[in-house]
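Here come two complexes built around chain A, the first alongside chain B, the second alongside chain C.
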Partner chain A sequence: MPELLRAEWTKFRTVRGWVLTVVAAALVTMVPGLLFAAGSHSSCSEGPIEVPCPAPLLGPDGETVEDRFSFAHRELTGDGALTVRLTSMTGVITYPPPDHDKIVAGLVPWAKAGIMVKDGTRPGSSYAAVLLTGGHGVRMQYDFAHDTAGRPGGVSPRSPRWLRLTRSGDRLTGYESPDGRHWTEVGTARLSLPDTVRIGMFAASPGDLTVKQSETGGSIGQVRFTQTTAVFDQVSLQGAWAATEVGDSPGQTDWERYHRANGLVRSGGTFTVTGTGDIAPSEDGPTVQDTLPGVPFGLVVVVVAAVLPIAAEYRRGLIRTTLLACPRRGRALAAKAAVIGVVAFAAGLAAAAVTAPIGMSLLRANGFVLPPTPLLTEVRVIAGVGMVFALAAVLALALGALFRRATGAVVTAVALVVLPYMLAVFSPVPDDVSRWLLRLTPAAGLAIQQSVPAYPQVLSHYVPGTGYYPLPPWAGLAVTAGYAALALALAIRSVRRRDA
Partner chain B sequence: MRATIEVIGLRKRFGPTLALDGMSFTVEPGRVTAFVGPNGAGKSTTMRVVLGLDAADEGRALVGGRPYRTLRHPLRHVGALLDAAALQPGRTGRDHLLWLAHSQGLGAARVTEVLDLTGLGGGVARRRAGGYSLGMRQRLGLAAALLGDPPVLMLDEPFNGLDPEGIGWLRGLLAGLAAEGRAVLVSSHLLSELQHVAGHLVVADRGRVVADTGVAALAAATGGLEAAYLRLIGRRGDA
Partner chain C sequence: MRRELHAEWTKLRTVPGAGRLLLGLVTLTAAAGVALSAGVTCPWGRCTQDTVRLGLSGIQLGQVFVVMLAVSMISGEYGTGLIRLTLAAMPRRATVLAAKAALLTGLTVAGGAVAVAASLLGAGLVLPARGYPPPSPADGPTLRAALGSVLYLALIALLSLGVATALREPAAATGTVLGLLYLFPLAVLLLPDPDWQRLLWRLSPMNAGLAVQATTGLDGLPLDPWTGLAVPAAWATAALLAGGLALRRRDA
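Now for the complex of A and B:
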């Protein structure tokens, strides 16, 4: 087998046109991203004065987060617990569809009210909370990204929800109860918190998002101001309570100014907390993925580079010479697949490894603030380009061996690998169609490029067009690998059966 | 390995055409065996079956007692020239031999040897094969067949495209290879190209062997070699 691999490599590298095609694939991959990065500018201003854009808010794990809510809190030193009864959770949504003419009563699905332990009131600091949501029941959440579901359902004065949060060293545990006597654990978190933390009740309400499909293909998202009001009593801790609008400059909307301000209203043992905002991971600003829009174009050229050699062998009759040198036909084809796969991988890896860092520094130089991406994610995205190229090349080679003709194989491979992606991202197909296209077709492997995870607890427009794939990165790549393996197996079967 | 080719009862049908109809013969070492017959007699198909490229419907073909497909480093056992035009035009002749050499665990030194042996030494082999004349392609094909220094050689119409000087050179080369103890099977549709170099004659027609004899024996027949050949394949002198 090593001799065969060496022979196939010699065969590939000694035809200048084939080598140049692979180089072209790398260049086509690089150029769109570099042009995009060089041509995009971002600026921020305070009034008429241009200022450097603020750094994104980072959570304790270094990821970008949103941390904005109303917090009624007091000091907790060492171990302790807070138990409250939540008797009401109501809210408003401003000017929702279809008519956009009224402020209506209601809760968005991820409106949040509950109790929290937090490392001070600085936005982005570590926290753990047990909370009720507008539409997803009780949850235990901590440090922005982590979310555990508890019992579903809402709250009313007749069926209150009791919540309890205990701290024991670095272990925080959330409980809930319908009656304050029978408790169920919702979840636990281990956080490195200082000895003294803030503990208390909070309310937050993320913007109400609706997405309309535009006639020209894209989609238009609208976000509306919302507000949540939660009523707590039976508060187990006494003492000096403070109220803070974490991460917010208060009273920006007319609703807040003239109807109901965010913050704490206390009446005896009843605490009414009103808040807007969210405590959640956020995606803000371009990432490594945005420097690689050339990948689908590079894929087209990779497909051509993989089909050309095998189609030429059939056209020239050279396939017979190959099979004389290696009568075990499965091995002969496998060696070809291995060589073109490695060549395509190298081209994709090189293109991405050059484009991504240059593109990101161009974006930074042009005023963008890039959210920090974990190093492993960047490596996965960059190496992923190579892997997708390799799999597409193997698939295309197999089609070339099956069809024995360049045109048919190239058209089929592009239709399988690139076209579904283009339809999903650039055409006005419904969101569900675009998701299924990237689940079922060999284009699914492009999911390896997703650099920002989608969080179910954050309402956002998660579609391929905005960089969110329906499958996890490695699962998507596995789909493409499955197609490549299937095509190669069919090609080997066919080459074995047919006379050469 | 004994340098032989054994063809045993091959039958093969391409659609309605019976290409091989019980083809059987043996090629012995130490002599050039001419494999002659009119176009369509099944010569090329027989060679392709021996080389594992085509599968026979019936019968067996062995090289040195083994099926071709079971050979490791097959080019070191059998050298074959089937279609000299089968070249990638953008690749040089030397690189064509180089990948073949690599596939058999051989190096660039052996490539230089066979290039010299076939008169392609010097700059010719460094040019792209797309510009080669038919004669140069035949020489390159012969170089490829000789690459693994094989004890068995199978050459399909190797005289095609050679100029008179080349024909003389090839006759000498074939005689030398046979004298070294190799089994050499050379097909041709023109007996005249081979009559002075072949020691043995296999005449095929319509997918089967119609004569398997020494050249001397046939030449002694009434009217000489050419007339005997035409009689065998059922054609009159006007063929």
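Now for the complex of A and C:
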């Protein structure tokens, strides 16, 4: 086997055109990302003055978060509990589709109102909350990323929802009840909170996201102001209530200024809390993934580079010499696959390892604040380019051996690896179809590039075009690997059976 | 020219490849178009989607068979060395390329017409159930979209023929054409600046060429339908010129 590998490697490296194609694959991978990074600018202003963009808000686990809501709160020292009755949750959505011309009453699905224990009122601090949502029932959420579902349904004055949150040491437990007597536990959280925390009622309402297709092929997301008003009574704690707009500079929209301001209105035992914003993980700012949009470009060239040698062997009759020298045909093909796989891996790895750091520093120089990405994630994304390249090369080589024709092999490999991705980010295909395309085809391996996780409790346009893949990174890569292995097995079988 | 045409037709007719590729063009185009049409919705109760464009969007996939047909017509000859015989028998090289181009155009137009008709008929079968009227050939924009799609396929065929003649190597030629078709739209999406996006869109053979399929929202398109079709025409002309020059100048 070592001689075989050396023979195949010698064949590959001594044909200048083939080596140049691999180099071209690496360059084509690098250029789009570098151009994108060099051409993108971000600026922030305070009034008319341009200022450096603020650092992204970080949650207790170091991830980027959004933390903006209205909070009516009081001090809680040591263990304790808060029980409230939520009698109404209403809201407005400004300029919703289809015509974007009216302000309507309504709740967005992830509008939130409920009770919360939080480590102070600083945005991004640790918290646990039991809450009712606009369209997803009661939830227990804590520290931004964690979300447990409770009973579904909404609220009305005739069927109120009771909520209770207890603290005992570092253990927080959320309960809900339809009548204030029969309670069910929704979830628990273990948080390292100080002895004294803030406890109270809150309301938040994330922006209403509408996605429309742009004429140039992609999609444009627009977010419009929404607001939630929640009415609480039967509040179990008495005392000095304070109201804070956490993470918000209030009164920015005409709606807040002239119709209903965010904040707390108290009349007797009834607390009306009105709020805007969200308490959730966020995907603020570009990451390593955004410096590597050239991967589909490079893949097309890698496919050509992998088909060229095998097609040339068949066309020139060299395959007969190769198989004469190595009568164990499966091994001969496996050696070819190993060589082209390693070469493609090296090309992808080198391209990504150069592009990612340069691209990220270009983005920083252009005013972007990059959210912190775990080092392992960055390594996975960069090495992933090499792995996807290697698998695509093996797949293309196998197709070349199967078809013995360059044209058919290149078209099939591109149609399997690159085309599904192209269709998935391009507009005529519905979002569901594009997700299935990236589950079932060898293009699934591009999921190895996803650097920011998707959260079900966040309203966002999670589609391949915005960098979110339907499969987890390694599962996606496994799909591609499966296709490559299958194609190689079929190719070995057919090379063994037929005349050269 | 008649002699060259006859020779090329005999070559094409007597190997099974071309027929299979045209069958693939019709099948894939119609299947993808009908599948996408069957999934069309009326968002917020308004049936305003461009169903003609959707029904014809299978062209984006089916065109790979046209690329294969065009590349195999010339690269196949280089692969087997047949090209030397061809050029010895018919020394007027530009005429040989012209004969190949004419034959390829004829075949692509024939196959493309069947593919477009099948797509629209198939879409007409599934659309009423989704709340849309079936596409009608009496409607001007629909007719323009159908004719334009056939012409688009012919232009892609000529573009591929030119690239394959210039590059000779089938893998490189196929990769180049597919890259030109499919990577341009991706590059358009990458550009941060909308003005640059529209500029690149106007240069992209697939984006601009398929503007001819649009029957609604024409105002928003960076190019109007027939001007859009001029973009792949310019690419095809440039590729054929490059291929023709290379064929005349170099050894076979």
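Following the convention adopted for this analysis, the second predicted complex is superposed on the first by the 480 of 500 C-alpha atoms of A that agree within 3 Å, B and C clash if a C-alpha of one lies under 4 Å from a C-alpha of the other, contacts with A are read in each partner's own complex, and residues count from 1 in each chain.
Going forward, a contact is a pair of C-beta atoms (placed from the backbone, for glycine too) under 8 Å apart; a residue touches a chain by one contact, two chains touch by 3 or more.
These figures come from a predicted structure and were not determined experimentally.
K.L.:
Is A:A189 touching the first partner chain B, the second partner chain C, both, or neither of them?
P.N.:
It touches nothing on chain B or chain C.
K.L.:
Mind telling me which of the two, chain B or chain C, contacts the most residues of chain A?
P.N.:
Of chain B and chain C, the partner in contact with more residues of chain A is C.
K.L.:
Kindly classify A:A203 by the partners it touches after superposition: chain B alone (first), chain C alone (second), both, or neither?
P.N.:
Neither: A:A203 stays clear of chain B and chain C.
K.L.:
Does the superposition put A:F297 against chain B (first), chain C (second), both, or neither?
P.N.:
After superposing on A, A:F297 lies in contact with chain C but is clear of chain B.
K.L.:
Quick check on the superposed pair: does A:M422 touch chain B, chain C, both, or neither? Answer first, second, both or neither.
P.N.:
The second partner, chain C, only.
K.L.:
Just chain B (first), just chain C (second), both, or neither: which does A:G465 touch?
P.N.:
Second partner only.
K.L.:
Should A:K11 be classified as contacting the first partner (chain B), the second (chain C), both, or neither?
P.N.:
first
K.L.:
In the overlay, answer first, second, both or neither for which of chain B and chain C A:L308 touches.
P.N.:
second
K.L.:
Determine where on chain A the residues touched by chain B overlap those touched by chain C, and list them.
P.N.:
Common to the two interfaces on chain A: residues 17.
K.L.:
Which bits of chain B are touching chain A when the two form their complex?
P.N.:
Residues 48, 51-55, 68-69, 71, 74-75, 80, 82-83, 85-92, 95, 98-100, 102-105, 144.
K.L.:
In the complex of these two chains, what residues of chain C are touching chain A?
P.N.:
Contacts found on chain C: 36, 39, 41, 43-46, 53-54, 57, 60-61, 64, 67-68, 71-72, 75, 79-80, 169-175, 178-179, 182-183, 185-194, 196-198, 201, 207, 217, 220-222.
K.L.:
Across the complex, what residues on chain A touch chain C?
P.N.:
On the chain A side, the touching residues are 17, 21, 32, 35-36, 39-41, 97-98, 215-218, 293, 296-297, 300-301, 303-304, 307-308, 311, 315, 405-411, 414-415, 418-419, 422-423, 425-426, 428-430, 433, 465.
K.L.:
Any idea which chain A residues touch chain B in the complex?
P.N.:
Contacts found on chain A: 3-4, 6-8, 10-11, 14-18, 312-313, 316-318, 320-321, 323-328, 499-500.
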